[in-house]
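Labels A, B, C, D, E and F are assigned to the chains in the order they are written; within every chain, residues are numbered from 1.
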Amino acid sequence: MKTVVVRNIVRADAEVVKRLGALGTSTVHEAFGRFGLMKPYLRPVWPGGEAAGTAVTVLVHPGDNWMIHVAVEQCKPGDILVVGCSADNTDGMFGDLLATSLIARGVVGLVIDAGVRDAKSLREMRFPVWSKAISAKGTVKATLGAVNVPVVCAGINVVPGDAVVADDDGVVVVSKKYAAEVAIKGEKRQADEEGKRKQLASGGLGLDMYKMREPLAKAGLVYIDEPEAD
Amino acid sequence: MKTVVVRNIVRADAEVVKRLGALGTSTVHEAFGRFGLMKPYLRPVWPGGEAAGTAVTVLVHPGDNWMIHVAVEQCKPGDILVVGCSADNTDGMFGDLLATSLIARGVVGLVIDAGVRDAKSLREMRFPVWSKAISAKGTVKATLGAVNVPVVCAGINVVPGDAVVADDDGVVVVSKKYAAEVAIKGEKRQADEEGKRKQLASGGLGLDMYKMREPLAKAGLVYIDEPEAD
Amino acid sequence: MKTVVVRNIVRADAEVVKRLGALGTSTVHEAFGRFGLMKPYLRPVWPGGEAAGTAVTVLVHPGDNWMIHVAVEQCKPGDILVVGCSADNTDGMFGDLLATSLIARGVVGLVIDAGVRDAKSLREMRFPVWSKAISAKGTVKATLGAVNVPVVCAGINVVPGDAVVADDDGVVVVSKKYAAEVAIKGEKRQADEEGKRKQLASGGLGLDMYKMREPLAKAGLVYIDEPEAD
Amino acid sequence: MKTVVVRNIVRADAEVVKRLGALGTSTVHEAFGRFGLMKPYLRPVWPGGEAAGTAVTVLVHPGDNWMIHVAVEQCKPGDILVVGCSADNTDGMFGDLLATSLIARGVVGLVIDAGVRDAKSLREMRFPVWSKAISAKGTVKATLGAVNVPVVCAGINVVPGDAVVADDDGVVVVSKKYAAEVAIKGEKRQADEEGKRKQLASGGLGLDMYKMREPLAKAGLVYIDEPEAD
Amino acid sequence: MKTVVVRNIVRADAEVVKRLGALGTSTVHEAFGRFGLMKPYLRPVWPGGEAAGTAVTVLVHPGDNWMIHVAVEQCKPGDILVVGCSADNTDGMFGDLLATSLIARGVVGLVIDAGVRDAKSLREMRFPVWSKAISAKGTVKATLGAVNVPVVCAGINVVPGDAVVADDDGVVVVSKKYAAEVAIKGEKRQADEEGKRKQLASGGLGLDMYKMREPLAKAGLVYIDEPEAD
Amino acid sequence: MKTVVVRNIVRADAEVVKRLGALGTSTVHEAFGRFGLMKPYLRPVWPGGEAAGTAVTVLVHPGDNWMIHVAVEQCKPGDILVVGCSADNTDGMFGDLLATSLIARGVVGLVIDAGVRDAKSLREMRFPVWSKAISAKGTVKATLGAVNVPVVCAGINVVPGDAVVADDDGVVVVSKKYAAEVAIKGEKRQADEEGKRKQLASGGLGLDMYKMREPLAKAGLVYIDEPEAD
């Protein structure tokens, strides 16, 4: 029913996506009301990689990467390829050849709810990838899926064109229509944090800075000096 | 019943803790009669970090890091913060702001049976953390837990003030009252190993060095020259 | 029934093993008809390590590494030690002393369906290890297993003397009798890939290079311009 | 951003939902083009339970079932409550009191991407539940989520009012707009299967019935009489 | 250091333990301030079993059940045997012979953080067991552990003589000194629930019974009639 | 390389297989020197099922059950179908139609390292199945594998014609050539157990029956009367 390729998708604004990337996943996730974070089993293939882009989505079946080849053609500079899979699978669906092709098209990263291979080459090419597994097991090209339809990837429903931000802490997806609003909220949040960091570094306590002592006491927290005999 | 903060805890001797840290987790674990090792799902956030300190313990509930903020105030130089959680949870309960605060107080590491975030910053700050997950998902501050009561963390019951040693091989906890005895045993063990390493490097066989040939034969081990037809 | 040590095993040809190692796991796995790949839960203890050798096999029981000590004596230069375990276990069965001993005998790597310890030392010694876990938990020496009998390791049946290739993408095992044939096929495959990489880097599409457009259309793939209303 | 309760949702047609339930999950999943199946970690709390209904959706946070209480009021006869959770969690968010309340409102089942409790009572009440875990751990009522917004549950994006079919084989969700079409396809499929079952019971071979011999030969399948020497 | 058998332990009051058993795990867990619940991976070997008793504790090592044999002698009528294991292990450490022996001594159940075997016989004997796995794999008798020292079992620290309550929802441990207090609180809670169940069965809403409407509105919950365009 | 169907396999002796089945998995596993047990993640689809037969083996790829259809034709009365899969997969590869076909050919059970569907029908038909998952997700028929070659299933290498015994405790595989010897050893073991069961039921202690007191004392076990202060 969904074996289609949607060609012209509406993408989140590139400038807004860039600002979201500068905030990082933790701040974006908070600013988006704590929505949109993929499950933490998705891990970066190499540490330190960072990416922010607009989602081109792919739905594949286990052991089959045909639709990833189809999706490459739909990618534009600034996109991130987001691959959902119809069942649990750890096969290496993506490797250095596909990465070469994506880089040639200006794609800034890959997020895949399955496995990848050529981990060493991906690290050397500095192409950032978030995956569920690393596996030398290649795939066939036999079953149709879809490109640029909404897909569930690591527990999140991704709509084509959504903003995707990824770093060492995970992958967050922000709906197009909220992206600008989230960027503004996040930047305000980040500015607040800078001041807090300085206070904490010079020995200030969060208990005082965040005025927690009174609500803690109200909630019933008791301080005692002697450890209870156990 | 346990929503308390215990203020004055008895800590393992700082000098002894330092000696335990010099031994490393494998040796300490052996010297402690093979007790006290946390489950191996606890992993360092960055490779190569090492820490040895006295436990300040925290009990939190999933998705809520309120008590970690409370615990910071109870920490002294040389402590390690040990966080147990009342249910399985991978949320990012700890990040660079809390790390900044702990460093300002002289805390030497964090061990947490849940997730952390700001992994990149933690690596750059060289603040060593052992956690169950990395996740950008932040937490609320709504539920009371406890500070400095015994907590179970990754399968081990940690009593406040216990000695904690952590490195790339995991996290070991030694009861205060046994710490000095374990340090002595471990140092003896380590001295023995140095000699063995040299013998093995020059081609000696463990079979001979450990006099295993006779007990192996007694247990029924047979050497044959032809592989059995399968 | 199998508590034996088989002394004289037939090993895959050293020159062929070297050629397989130069190909890497992904290419070898494809060239071997997509057989022989261990489960992806087996991970390198440090990134970037690579090894190709002939299998000396060990069967151990959980929590007991006695047979690994027995196996060391059976190893020759160019071997890889492959350890299967009779039940799920994450104990640290192997550490820097055993690594020192293996290096002294010319062994090029370790593949173990259980845990290892001394991860930091293994990284510093540059001894490549693929394991299921890292754990400071040591083991006893109490139960007999076997050396150089077929063992199942991470889902693959390994026959003593088989060729083993391992890198960041996993571990592949090639039967002795097929090793030369697989090397030839893999080298042909690799040569083909070089040309493709260049085409892709200059913007060529896999859709055209692999002539996928017609089979995709036949299979029913439809391109549409408007995203379907959801 | 999504802390809302949507009151008037459009539900899939009750008669169509009933027909889908008569088909069972396997047939519905096939008829829906192999889409919509939740991950298999979702299991029935007691074997043999079956349910088909229209989705009232709830988004909760780990350890907090406040929104389930809110959702009860929005349920009508023939509904199934579908609960997604913002992070991995196994707490017992639902028990016999909530089941009593749902039964009083004519709800036919519960699907929850978290834990439930009172498993014995649920079995005795014959109220069918599909969950990720069983746990006595209760929850607090402290954090807002949402009711009747799209939620991801066990990997599937569920839109309020969608048709949900569940049995011992799992849980399938069919979009409202496709429900009638899927029912027709599924019924055709089921009729076909009845004839096949009879043929197979009397010794017919699928190889002949499905005319597989020729495509197998074309794909390269070879029959040999002697097992190859290994 | 802990290879001891402690012979005379102080047990929770038998009458109180019986009252706790009548309450069930969910109520006991709530009444104990939501502490003491073992992880939900511990599952009953057969559904419907229930047990309440005083803990005799055992610490074993993976693949070795020697200490369970030692522990049998320390059991008295009304006890539950609680087995912790020093590392993850699924071996079948307990079967119908040990069950026969425990029944002869009046023991009412087994809780084990490892595997058991003879599942069918245990079901037919109606001896209730909560375990992490079922496995035909037997164990050796080679390594000392301890009996009646505190052990961690499925995430909970169990002190010998503590009250243990187990049913289809899991296993809860209550410290001796709190047992009577928890029983009183739990009975009060249970009485309250009976009235609520009747109200809910006749169509009353939890929203009204628990007076949730006002706090929900304060927290910011909004009701809307039109689903938001997605 | 292995896309073959081997037609004439040598099967373990039917009478011996029957005797192994009467012993059950635990006894057979012990009698076979504690070898041959599949990993415990393989579970019966319904409790109480038992099967003993000769292995017809199948190698499939994830998401594809074509070769199971091919294998049916190779089955004879008394066989058990054993399905290995080339990668982790939970798809429902087998359901009531294939079960109907196997029953018609006299096959006594299925062991599959993947998922099955129609769980309710399988239970009602009393056809015993051991699988890794239950899932409504069907499969395609597109990729060749092999029939009656050695396959790894749940960690065990199964050779066509091997004896397979399965019950609630798991699945054990015995090599053809050892089957008769294992049956004899197992029957001796079972006779011994009968006497022990009676002694234990009348209150005898394993400590005395197995003469464990002396070796325990030698290993260093100490009995104390006072619990150590903690």
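Here is the rule we use: a contact is a pair of C-beta atoms (placed from the backbone, for glycine too) under 8 Å apart; a residue touches a chain by one contact, two chains touch by 3 or more.
The model shown is predicted, which means the values in this text are computed figures rather than measured ones.
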Over half shared numbers or under half: where do the identical copies subunit A and subunit F land at their interface, same or different?
same
Centre to centre, by mean C-alpha position, how many angstrom separate subunit A and subunit B?
30
Hey, how far is the Cα centre of subunit B from the one of subunit D, in Å?
42
Return the distance between the CA-based centres of subunit C and subunit F, expressed in whole Å.
27
Multi-partner residues of subunit B (at least 2 other chains)
3, 34, 37, 40, 86, 88, 90, 135, 137, 150, 230
Taking the top-of-page definition of touch, could you list the pairs of chains it picks out?
A-B, A-C, A-D, A-F, B-C, B-D, B-E, C-E, C-F, D-E, D-F, E-F
Touching subunit C in the complex, subunit F uses residues 1-3, 32-35, 37, 39-40, 86, 88, 150, 152, 155-157, 178
Partner subunit C, residues of subunit B touching it in the complex
24-26, 29-30, 34, 37, 40, 43, 47-48, 167-170, 172, 193, 196-197, 200-207, 210, 212, 216, 219-228, 230
If we count contacts the way the header does, which residues on subunit A are in touch with subunit F in the complex?
61-64, 86-91, 135, 137, 140, 142-143, 230
Any idea which subunit C residues touch subunit B in the complex?
3-10, 46, 66, 69-70, 72-73, 90, 92, 95-98, 100-101, 103-105, 115, 117-120, 123, 133-138, 141, 144, 148-150, 159-160
